[in-house]
Every structure is written in C-alpha cells, then in structure tokens.
C-alpha cells in the first residue's frame, strides 16, 4: 500500500513534535494494554478498597490521590485510559469498515444504491454527532459495546463520503477505464485498482476522527450516558471527580483530565503530521 | 545599452534532498524592442529564469549569484518594495495556464483596474476603467466593456489568456516575459495568441522574452534564441543562426525533432535519453550521455566558444 | 436562482419530515408513557382507559398521523414533569441557549479567522508555531474539560467568576448587564474554545492552499502589495468554503451547549434535555429534538443559499 513507502515515513519523522506524539501514544497504549503491571491497585476490585483511604491528596501513599471510595486515582486513570482507547479505536475501526465499504459501493455502482446511501448520510450529517449519540445512548442504556456502536453509527458517514468521493474521481480515470476495457470484473477493479488510491484520504480522515471518537465517548460518559460505572473511562472519572471539585478535592478530576488531554494531543500530533505530508495540495 | 542584461545568474533551491541548481550561470541580453526566445525541455530552468528576473523566487529557492541589469540598475539587490513598483509596471509576466492565472472570485474588471491603480496613484477609477476597456479591445476580446464585470470562469481559455496579456500590457511595460503562453491552449488559438503578442510588443515598443519548449514557435517569432539545458545555456544566437545553422548537438537534436513536410521518413526523430536530474548533475558536459559526438574530452565542462555574436558551449564545434 | 432556493426548501422539508419520522419512531419504541403517568396501584382497567385516552392503542401509522397533525397545530403534548405544554417549556429556555451559541460563534470567528490568517503567511515562524500548538490544544480538549478547568481556576481557586447560573437579563440577553457578563464569560469561552481552534485551523489550511495558487503568483507579478494579496486576493478565496463549515458548526455548537449548560447550570435547552432524558419526560425530548432539528435545517438552508451569493462560480 502506498502509505507505507519510505518517503512518507521519513517525512513523518522529520517533525519532532509528531515523533513526540507517536512516542507518547505508544507509551500510553502500552500502559493501557498491560494495566496490571503498572498500577498497584485494581480499582475495581472492591476487596482492595478501604474507605478510610478516601480523599487522600496526591503525594501521600497514593501517587495521585484517592477518590471518595478510596480508589487510587492513578490506577483508576490507567484502567480508564484503557477503556477510552478501546472504545475510540474499536468504534473507529468499525466505522472505517462500514463507511468505507458503503462508500466504495455507493461510488462505484451509483444508481439508486448511491442515492439512498447518500441521502441517509446527508440527513444524518445535518444533525450534530453528539445529539445522535446522546439519543441512542439515552434510549439504549449504558454499556461499552453500546457506546462503541453509537459512535460507529455517528462516524461511518465521514468515511463513506470520503471513499465515495475518491471512487467517483478514480472511476473515470484512464487506468480504471482501461481495466474495464480489458474485461476485468467489477470487484477486481475495485479491490486491485481503485482501493489502493483511496487509502490515503481515509487515513487522513481517520486520524481526525479517532480523536473525535475518544472525545465523544468521554463527553457522553461525563454526562452519564456512556460507559457504565463499573467500567469507567476517563470521561466517567472526570465526571465523578467534578462532583467533589467544589469541596477542594481537585485531583480526582484534574489528573484523569490531563491524561485524556495528553492522549488526544498525541493522537492529533500524529494526525496533523500525516495530514500535512499527505495533502497533495500543499506539495510544491 | 541593452534593456536587460543577465550576467551569470544562478538560482538554486535548497531542498531536503539536496541543492537543485535550476539556473546555474546563464548570461544573455535583450535590446529594446527585441524578441528573445528561451527554449528547452521541461525542467531546463526556463521558467525559473523568468521568475528570477521578477525576483519571484520563494523559499527554499534563492538567487545565489549574478546580476540582472534592467535599464541600468541591478535588480538582484533590490528590496521587495522596490520590486513591487517594477512588477506589472516596467516588467510584466504572462503565465502558462490561463485557467489558473486569474483569481476566480474577483471580476476581470477589478483585476485589471487593480493593475493600474497600484502603479498610478492619481488615476481615477473611471479613467482606469476606460483604459482597461481599451486594452481589452486591443487584445481582441469581444464585448470588452461588458466583460469587465465577468468572472474568469465565464470566459474560455483563449479569452482568459487575452485578459492576462492585456493585464500585462496595461502599464506599458518595457519588458514582457511570457512563460509558455500558449501551451495550455488549443492549437488553433495558439497561433492567434502568438501573433497577437508579437504585434502588441511591436505596437507598444516593448521587448518580449518568450519562454517555451516548442522550438517551432521561437523559429517564427523571435529575433534571438537561447537554448537552455539542465540549468545552463548551451547555445545562444540570432534566430537565423540557431535555426539554420545549429552548432550545439542538443540544438541540432531539437531542430531535427521538427517534422518537415517534405521529408520522407516514417518516424520522427527523438533525442535519446532524458535530461539529467538537477540534483545529480554529471561531471563535465551535461548533455554528454545523450550526445553522439561525446568522448573523454566531454568529461570537462565545455568552455564558451564565441562566433561573432553567437555563443556555444561544446567541445565539438569549430 | 429561484429554482435553486425552491429546491433547497423542498430538500429541507423532506429532511424535517424524515427526522420527525425517526424521532417519532424512536419515541414510540422507547417505552410506555402510561406506566409513568399512572400511580403504581392503577388497575388493568385504568391502564386500558389511559391507553385509549392517549390514543396509544391505535396502529403505528395512525399514531404517527395524529402526531403530525398535532405538530402542525403546535401541540407537542404536555411535559410529564412540568405539566405545561412541552413546546412552551422548550421555547422558554431557547433564548438562553441561543445566547450562548451565538456569542460563542461570534467569538470563535472573531479570533479564529485572523489567527488562522496570521499563522498561514509564514508557517514556520515562531508565532505561527505557537498559534498552531494552541489550536491543537483547542481541538484536543473536550468541551467539558475546558469548562471544568475554567471553573477550577476562576471560581474555586480565584473566586473571581460565578460558577453557575445565568446573570441578569436585559432586552432578552444577559450580555448587557455586568452581572450577566460575569456569568457569560466562562460558558462562552468553554463553548467557543473548540470552535475557535477549528476555525483557526481551517482558515490556516485554506489560506496556505490558496497562497500556493497561480493566480496569487500572478497578482504578485502584477506588483500588488503583499498585504492586499493576503487579505483580499487570498482571504476572499479561503473564506468561501469556510461559510459552509461555520454553518454546520453552529449546529454542533448548539448541541454542545448540552454539556456546557450541564456544567454551568445554565437555564437553557441543553440542561433541559439532559434532565428530561433522566426523568423520562417524553414530550420534552420530542419537542426538543424537533425544535433543534428545525434550527439545524434552517441554518443549513440559509448557508446553502448564502453560498450561492458569495461564490461567483456557483451563482446561477
């Protein structure tokens, strides 16, 4: 695939900030993948919690302090990071698969299939994402799987639109036309000829939307309509901490918030750089 | 004194992959009222020469050496403000692709009037308007007055190019640089536009530098021709000299490529090979890898050989 | 031109229609309001009677038809919680939300566009990089986090600004009173932070792309001064696509007031919908969705038409 070629990779590494973003993201992912190794408490194991530890400030026995149940903030953050990343990535992968496929079909075959898919997309797009996700979660209830699906439903449109746009322009190009003239079947044309040219724009969009997906999940969880309390993401932790913010227990929400911010900034640094090097209109 | 004298101009681009020596030491002159053709393949440095004269070279490029003496003054050390008074005023330029040369969201009229207003503070809007209409008529744009309110997308390619030419001539420039002015146009329009440019430059008394890859074009219009290859001039002389008595093997190759009606051959001649990358120029003569006459002496860059007013850079000519 | 406007109007109408259908369908599936309205000791007979009274025993399509008729009459049912007509409840709170949204949008545009332009001219300069990093932070931070940090700093730690509620209202808005302004600062900043960053980036990218175009180079070759090239020739081109984005973003903004109003206890529709969802106040939710969709569709329509006036290439 085009995007793996050396030129793009080396161009990416030229920007120190982007590399920093990548490094941070990798570190965070590792933390999220192996939480038990880096935390000294499983905050969801009730046997490990002692109420007398509640509201300890950071710097005491507990690295970043504890919440109202004696839960170690640092450990909760790492587990929360795990959920946040999981939801963000899972929903993005799903939306890409669904959206990309629909977009390809829509663009290539055209006709009423195209019209229907695009009409649905249009109508959906005239609605703000958060509202759609909100309603879905409000009706359906909390749940990790549910919120993944909700976010997928919100985001597939962007990939579909992009894929369709690229397919439409590639379809008319000479290489695709000649493949058809040579008798290549439609599916072959789609997969072998057109698809490789569509990966770049999809990656560009995906880098924007992963961050969006994570923010959306965090926002919904903050409002109490996202992941369940038993599996809190960073958003839920922040919400939890917000309740006690005015009593002065700021660490319960500030630290998870900072982690969330760092996560998203690192993703955006990577995404920004990728977008800059892949944008054909900015090339000399 | 010549209107424009370029001495040993070098414009290099400092990219991450290395230094691209787009223009690497060229010299030529142009007198008042003359038409000079700069010919060469894509990437030979012709357009960059044109941009260098107007000091429109941006990062990562720079004019690293040389003089551009226009009307007695060297343009190279001039400040941006000083150059702004010269551009579009004393020296104008016409670009290659008329489809992209005009700002799509500003009317033709406004773009033209602007060219006048920034160089003549005391011209009233009405006066400027009339001048624009007059010059649009001169370049042969039909319904000129009405067109002043049109947007570029409402005009055809040929019409757009006429507008661009009109814009360049508005302030009576002494020198007009035309960068591949007809390449993006229909063949039928090409001849019209070229003839128009020649006529206008004669009427206005301005000199014209015609940059093109098409040697057939220069053979008709130009007084003098400079042949560029890989950033340098390989041959320079009057039209008659270059066309009828080309000395440099490259020039000969270019002439040989022209289809001749009375020829009885099956295939058109092609110069074998391609121009070397400007990042990786060979030692010695740049053309040697494609030249039939090349030998070991060509491993050293040829010295200038002068024949009267003609200049050739080749070991193999006498 | 007229044809285009009519076409867009028709399209908007269809969209509203579809949305109303979807909203109704969701509400239909969402649960049985009868259980909520009746006291727990109601008999089976009471349930049947109530069902009939509310028209809930009719078929789906019949109910939908009834629903549409009611909407046309402006009757969206009564709120279960407030007892008043749902439409009134929502409309009462709408000005507060619009106040936030409009001010936030204005703020974002006022600062986002100029900063975007400045950072596009010399992208590698130190101030451009600083602006870019600032904008990166802007789009990386969820709305609720911005709000929280502002509250933490300005209310909890410094005690300068009130952390909740809307200030004194004068002439429909609270922006004309000092008390109002004090209450407005943080919510508006919270809401606009993300938007500002987004507009900044879009302006910047748009400008950078435009500045590479041939017509800009030709303008320079004409001797047009730098400032004119950037702020007239280039900006005019990059602002045009921005209009569409701003229109869409306004819709997003209104939706994000949900979060902002929750944090700042702002008495607008956002807080209302959250509360209503939790209280299972169906008529309010329906009314809110319909009104909000109407606003979006209206904005999209206006933007579509406006676009044709602004972009000469699209003008019919």
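Which chain is which? They are A, B and C, in the order written, and residues in each are numbered from 1.
As a working rule, a residue touches a chain if its C-beta (ideal position, glycine included) is under 8 Å from a C-beta of that chain, and two chains touch if they have at least 3 such contacts.
Note that the structure is predicted; figures quoted are calculated from it, not measured.
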Compared with chain A, which chain's mean CA position is the farthest off?
B
A count of C-beta pairs in contact puts on top the pair A-C
Averaging over Cα atoms per chain, report the distance between chain A and chain C in Å.
22
Taking the mean of the C-alpha atoms as each chain's centre, how many Å separate chain A from chain B?
52
Provide the residue numbers of chain C that touch chain A in the complex, in ascending order.
15, 18-19, 26, 29-30, 136-137, 139-145, 148-149, 151-152, 156, 163, 205, 208-209, 212, 248, 251-252, 254-256, 258-259, 262-263, 273-274, 277-278, 285, 289, 292-293, 296-297, 300
Under the touch definition given earlier, write down the residues of chain B that touch chain C in their complex.
54, 56, 80, 83-89, 92-93, 95, 97, 100-107, 114-115, 118-119, 151, 153, 164, 167
The residues of chain C that touch chain B in their complex are 213-226, 228, 233, 236-237, 240, 311-313
Complex contacts: residues of chain A adjacent to chain C:
122-123, 125-131, 134-135, 138-139, 211, 215, 218-219, 222-225, 235, 238-239, 242, 245-246, 248, 250, 253-254, 257, 260-261, 264-265, 267-269, 272, 279, 281-282, 284
